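Take a look at the structures below.
Two complexes follow with chain A in common, the first pairing it with chain B and the second with chain C.
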Partner chain A sequence: MDTVTLTIDGRSITVAKGTTVLQAAIEHGIQIPYYCYHPALGIDGSCRVCLVKIEKMPKLQTACSTLCADGMVVDTQSPEVVEARAGVFEFLLINHPLDCPVCDKGGECPLQDYSYTFGPDASRMDFPRRTFDGEGAGADVDFGPTLLINRNRCILCSRCVRFMRDIDGDPQIGIEDRGNGSHIVTFQDKGVHSILSGNLMDVCPVGALLARDYRFKSRPWDNPIAVDTVCTLCAKGCSITAWLRAKPEWAKGPRLARVTPRYNPQVNDYWMCDIGRFEYHFTESDRRLRRPLRRTDDGVLQPEGWRGVLARLREEFEAADTPGERRTIAFLASAHASIEELVVLGQIARALNGEGAERQVGVSWRVSEKPQPAGTKFKVPRVDAPNVAGAIDLGVGAPPLEDGGPDLSALKAQVEAGRVDVLYVLDPGPAGSIGDLSWVIEARAQGRIRLLVVQGVLMTDLAAAADLVLPGATYLEKDACYTNEQGIVQAASRAIAPPGDAMEDWQILVNVGAALGAGVAWASTAEIRADVAAAMPDRPGYADLPRLAFAKPAIARTWLQTSNPSERWKWDALFKDLPPVKFKGKAETSPRRDLDD
Partner chain B sequence: MDPVLTSHIREPNGHTLEAYLRRGGYSGLRKALSLPPGEVIEMVKASGLRGRGGAGFPTGMKWQFVPKDSPKPKYLCCNADESEPGTFKDHVLMERNPHLLLEGCAIGCHAIGAKVAYIYIRGEFYHVQRVLEAAIEEARAAGFLGRDILGSGFDCEIYVHRGAGAYEAGEESALLESLEGKRAQPRIRPPFPAVVGLYGCPTAINNVETLCNVPLILTHGPEWFASLGPEKNGGPKLYCISGHVEKPGVYEASMHVTLRELIYGYAGGIRGGRALKAVITGGSSTPVILPGQIDAQASFDGLLKAGSMLGSAAIIVMDDTTCMVWLAENLLHFYRHESCGKCTPCREGTDWLLKILHRIEAGDGSMRDIDLLLSVSRNIGGKTLCPFGDAAIAPVVSTIQHFRHEYEAHVREGRCTCPAEWREMGNRGPGARA
Partner chain C sequence: MTFHPEMRYEEGLHVSRRERRDEGEPFAFTPENRQRLEAIASHYPPEHRRSAVIPALYLVQDQQGYVTASAIRHVASVIGCTEAEVDDVVTYYAMFFRKPVGRYVIQVCRTLSCALRGAERVAAELKRALGVEVGQTDPTGTFTLMEMECLGACDRAPVVMVNNELWHECQSPDQVGAMLDGLREKGPAALTGCHLEVEKKRGPAGP
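And now, the complex of A and B:
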């Protein structure tokens, strides 16, 4: 690789040819502020806060747009730079509402942080501020179904415009008017309608673009615990961070504050879709299953202890018409089931129904169309489940149909023919993600199925039709692995505990296996993964399973720190409480309050 | 010097192809097509022609920067946005001598290897667009444009594109954006338009007057052209003289001419015999200078030496009734309105400057406001994405530099100390004539 060597602030730095001064500084922990630059949205050169001095150049240059060259000497600390930068920061704030106390971004806002570090101590602006739609949080106005915009806070970095144009592929955002009246708009004020809209809140370096879902919900310092994990709401498997509130004992409400995307160049870059970002809420739904349930003789689902439901299951399974014989049992798993869960389920099927029975396990998922612009850089898959590829690789279930949907024909035929006494369904995903199972409900209602067992997380129509309901855990409540549509095996980590008496699904399955005499004897998911690895030594993704690391909740002061590595340096540096680079000329910055002197 | 660019502008129907041919028109193009492109560029270089759009960059050199071996199409763009306050020369050329510009465009295209030229005219120039389009039709019909021009095998089309009326659209990279149908906001450079210009292709951008000089160079030779003016400031030059003079208008002269000759000779002196107070030498973006400096040569280099610039050669003359705070306020009103808003210092700073100026002019300012003006100007100057920011602060900085006492008087007395009655006339301003 071709490299160039330059000097920044007296440090000799070698970087790949084609690197900009700003990127070089970021890579080496040298502080140069920036707003309009974003690693995925390119260079705009408009915010002007990245000004640096480059030897032999008469004017200050923007670091974001200057390529490193051999022998280049860059100074980010000279009085000229410090003053110019402070001047730009003063400009950025002269019309800014400074309503940080009611702004969602407050506490993790690059405008706040950079202004404290590089801006002047005080503003000399004493005219009324420019406002667009009102004052304070009253200026938060409609910007589509998922977003609000506060134009007073906007610094016109145009990241949002470029995100829609370059990543989403549909340039719905533009700037109207010009000069001092410039403001962000959508065509005919229709708002942003995109499955990627939540990312706009991430790219906005101020609190101008707000997600309705997160608005006023939390302050960043109240959710300081982060768990790096993987979203499982579709086949893509974006890297995400789940944010937990450090809530005091008496506090009510959910522990999860939000999920945000985490940089992963292989899968999702800096982005995630709105389904993953906003629909994780099903994990904290009122309809969560918290205790095992059993249908009583009067036909009502009643809470029951784990011991009780398992005993009941065994009874039902063994109470065959001819003593000593068992009832026939069939299995149906959602592709939301993890690799570990599918392995246990496959093993139970084999033990009860014979060699090769794991292939008769029905694996089901939903396929839904998600219209996106043709040129989008972030395609959200049609398959609403994280582990279709994992099921195929493990040999559980039948291969998908040509349209990408599940092939349940064999199981359906068996059920229709009345050859299934007990149907065991594993459904740890959000409601409906297992696909249309009305035929199962129907078969149970008409008695073609004698016993319907549902291991799931929500009181869905299916669970409501079941005879036994076993409460499992969602993807945020267990350590488990999934294989995404690219064939990458990924680890999703446990961020919170399952609610009530709910248990991690692999554990439930092991217990069910024991109750049915299927003899499954794994003591941990690590053992399961080790077995999978041993069985697939020539599949690197699987062979490496034992080395996959699960994240533990960690202290992270801001999402930037865990999401965007090019922002991470900044937080690392800022939180060290370095003496900020301050504007020296005191007289220049003293606030001007008296009009006459 | 006898006028060469504007010699026939008063002739009835002087703008027609017939009249143009009678004056020997299109002989420059004929000559150019008989030469290889490189030689045309060499001739333009030898003539010393410098851009008339404002910066005075050597035109031959600009053309040479257009890569010859690029596989992409190349474009010539004629900057006819003419929006700098005080500037009104280009539309005279386009209206009264359109074929001269078309010929210049065709020669330019031949020189850089382009087949298409766009004339980007200011949004308000409806009538000019009509004249140009009629002239293009005439030229096509006569075989000076279109396919296989004059049997040389060279193809060239010229299109007129009318902007939406923005000063910033005259900035070359903003012009390209606007031509592409986007907001007229500048691009970050490098890459320069010569390499990555219109639709990402190599592009040369030249002012109207610049291109109008090109046929003269081909017809009369580079030596003749250079000999018209002082060294490195060759050729004829159009001056737009406005303000408090007896005869405002467009005048053609050699760059040997001094400001004094232009003001007191060509323009007939100060209106009503009053005293001269200050002169803007090259459009509102250039610093004002004092009467003591008007013996400077009105050339690129002469005015640079006098502390200002030739710019677009828009000379705005102000007599002793002109309030310099008002002048700065008036111009900042323009710059604040025309800032494209892309970059922070200009978007925020021009508005702030205007507010402070307004306060001082209204008599509500303080002494600190004057330093604040300078400090805010310093925070804009050299920090912006395009030269607009530097242009915007020129009136503020130069009026404070030369007339600080006037600002101080406004503050001290709490009122405008120079409230000329003509200001009541509204925006038509000084020297407005029917």
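And now, the complex of A and C:
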């Protein structure tokens, strides 16, 4: 690769040809502020804060739009740069409201941080500020179903305009009017309607674009604990960071404050979709199952101990209609089940129903169309489950139908023919993600299934129809692996503990296996992964399973976990003199939970 | 609009107080105007058809005087871009009108050269003669008065432009009445030649 060597602030730096001065500086930890530049949205040259002095050039240059050349001598600290940069900040702030105390971005706002570092101490602006829609939080006005906009805070970097144009593929955002009156609008105020809208809040370098979901909910110092994990709400498997509130266990309200995308060039780049960003709430919703439930003789679902429900399951399974026989049991797993869970489930099926029975385990998922513009750079898959590819690779369940949907015909036929006495459903995903199972509910209502067991996380219609309900864990409550649509095996880490008596799903399955006499001997998910790796030595993704790392909740170094890796330097550089956040993260682990201990 | 069966959206939490674009009557180019647009668009490579946005908007104004939201939608669909992008252009340029205007839009330059040569007095005289403020249309719907930035004819300041293409130069306040009367009587013909007159007077070599 061709390289060029230049000097920035006296340091000799060699970078690839075609690198801009700003990129070179970021790569080498030299501090140049920037707003309109974004690694995925390219160069705009509109904010002017990246001014540097380049020898032999008569005027200051914008570092973001100047290509490095051999022998270039760049100075980012000379008095004229410092003064000009401070001047730009003074201009950026002449109309900017003093909203930081009520602004969602406060605490992780590049405008705050850069102004603090590079800006002047005081403003000389004597005139009233220009305001668009009112003042303070009152100026947060409608900007589509997921967003609000506060035009007074906008610094017109045009990142949002470029995101819609270049990434989303449908340029719905524009800049109306000109000069001092310029402001960000959608045509006729109809707002941004895009499944990628949440990313606009990430790209906006100030608190101008706000997500309704996160508005007034917390600030970075309220949720200082972060877990790097993977979203499992569709087959893409975006890398995300889950942010946890620092609060004692007994305090009311959810612990999960938000999820943000994490840079992963293989899968999701800098982005994630609105489903992953806003739908994780089901994890801490009121409909969560917290205790095992059992249907009493009067037909009501009553809380029951783990031992009680498992004993009931064994009884039902062993009770014979014809002497010398057991009842037949069939399994139906959502493709939200992880690799580990599918392995245990397959093993139980094989132990109870004989060799090859894991192929007869039904695997189900929902397919939903997501309207997106043709030119979008971030396509959200149709499949609403993370592990369809994993199930296929493990040989659990039938291959998908041509339209991408699940093939449940074999199981359906058996149920319709009344050959299934006990149906065991594993559904650790959000409501409905397992697909349409009304036929199961109907079969149970008509008595074709004698016992319906649902291991899940939410009180869904299916759980409400079940005889035994076993509370499991969502993807944010367990360490588990999933294979995304590209065939990449990814680790989703445990951020919080499952609620109440709920257990991680593999633990439940191990106990169910023991109760049914299926003899499953794994003591940890690591053992399961090691077995999968041993069975698939020639599949790199699976052979490396034992080396897959799970993140633990850790004190976030705030924007260190940002989706935009080029913004990380500022947290290293700007605040190194300040003491780290005062909260201590609590690492949460998940040992095997045996019923007998 | 929703993307996903499980997504909860709230709509209409706050409403912006900004003025929205006039919806207007449903708009479509007349066949002649459409033809004119296609002729203009053929100057650009097909993948840059959107470059015809400014001529397209002028055609809209030719056809109905001002640019409405429906017209923006139509233009966007005809030249292949989004409404937001057309709206950007409409709001950026002062010569696209977002409210109905009179038959003659009188635009008085107020930039440096014209200001030094007394453009303010011309504007004041126009206001007095028409009985309107800048930005308003007179009650007969004939004249709209506007102030503009440099019209690019500084050497013949002060400059008044009528309907984007007719210049009236070296304007003095006492000529205003005659100009208005001329427009009322002869229409645009009252102004054509003004530029040429000046040139003629000075001769081809200039002063």
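Just so we're on the same page, the second predicted complex is superposed on the first by the 566 of 597 C-alpha atoms of A that agree within 3 Å, B and C clash if a C-alpha of one lies under 4 Å from a C-alpha of the other, contacts with A are read in each partner's own complex, and residues count from 1 in each chain.
In this text, contacts are C-beta pairs under 8 Å (C-beta built on N, C-alpha and C of every residue); 3 or more make two chains touch, one makes a residue touch a chain.
Computed from a prediction, not measured in an experiment: that's the story for all the values here.
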{"item": "Overlay on chain A: chain C relative to chain B, clash or fit", "value": "clash"}
{"item": "Which of chain B and chain C A:Ala466 touches, first, second, both or neither", "value": "neither"}
{"item": "First, second, both or neither for A:Leu256, with chain B first and chain C second", "value": "neither"}
{"item": "First, second, both or neither for A:Leu451, with chain B first and chain C second", "value": "neither"}
{"item": "First, second, both or neither for A:Ser46, with chain B first and chain C second", "value": "first"}
{"item": "Contacts of A:Gly134 with chain B and chain C, given as first, second, both or neither", "value": "second"}
{"item": "Which of chain B and chain C A:Phe187 touches, first, second, both or neither", "value": "second"}
{"item": "Touching partner for A:Pro171 - first (chain B), second (chain C), both, neither", "value": "second"}
{"item": "Intersection of the chain A residues that touch chain B with those that touch chain C", "value": "175, 177-178"}
{"item": "Chain A contact footprint on chain B (complex, rising order)", "value": "166, 168, 183, 188, 336-352, 355, 364-368, 372, 375, 378-379, 382-385"}
{"item": "In the complex, chain C residues that touch chain A", "value": "1-18, 20-21, 69, 72, 81-85, 87-88, 91-92"}
{"item": "Interface residues, chain A side, partner chain B - complex", "value": "43-49, 51, 59-60, 62, 65, 84, 87-88, 90-92, 94-95, 124-125, 127, 130, 155-156, 175, 177-182, 588, 592, 594-597"}
{"item": "Residues of chain A touching chain C in the complex", "value": "132-134, 138, 140-142, 145-146, 148, 170-178, 183, 185-189, 193, 195, 212, 274-275, 278-279, 282, 366, 368, 370-371, 430-433"}
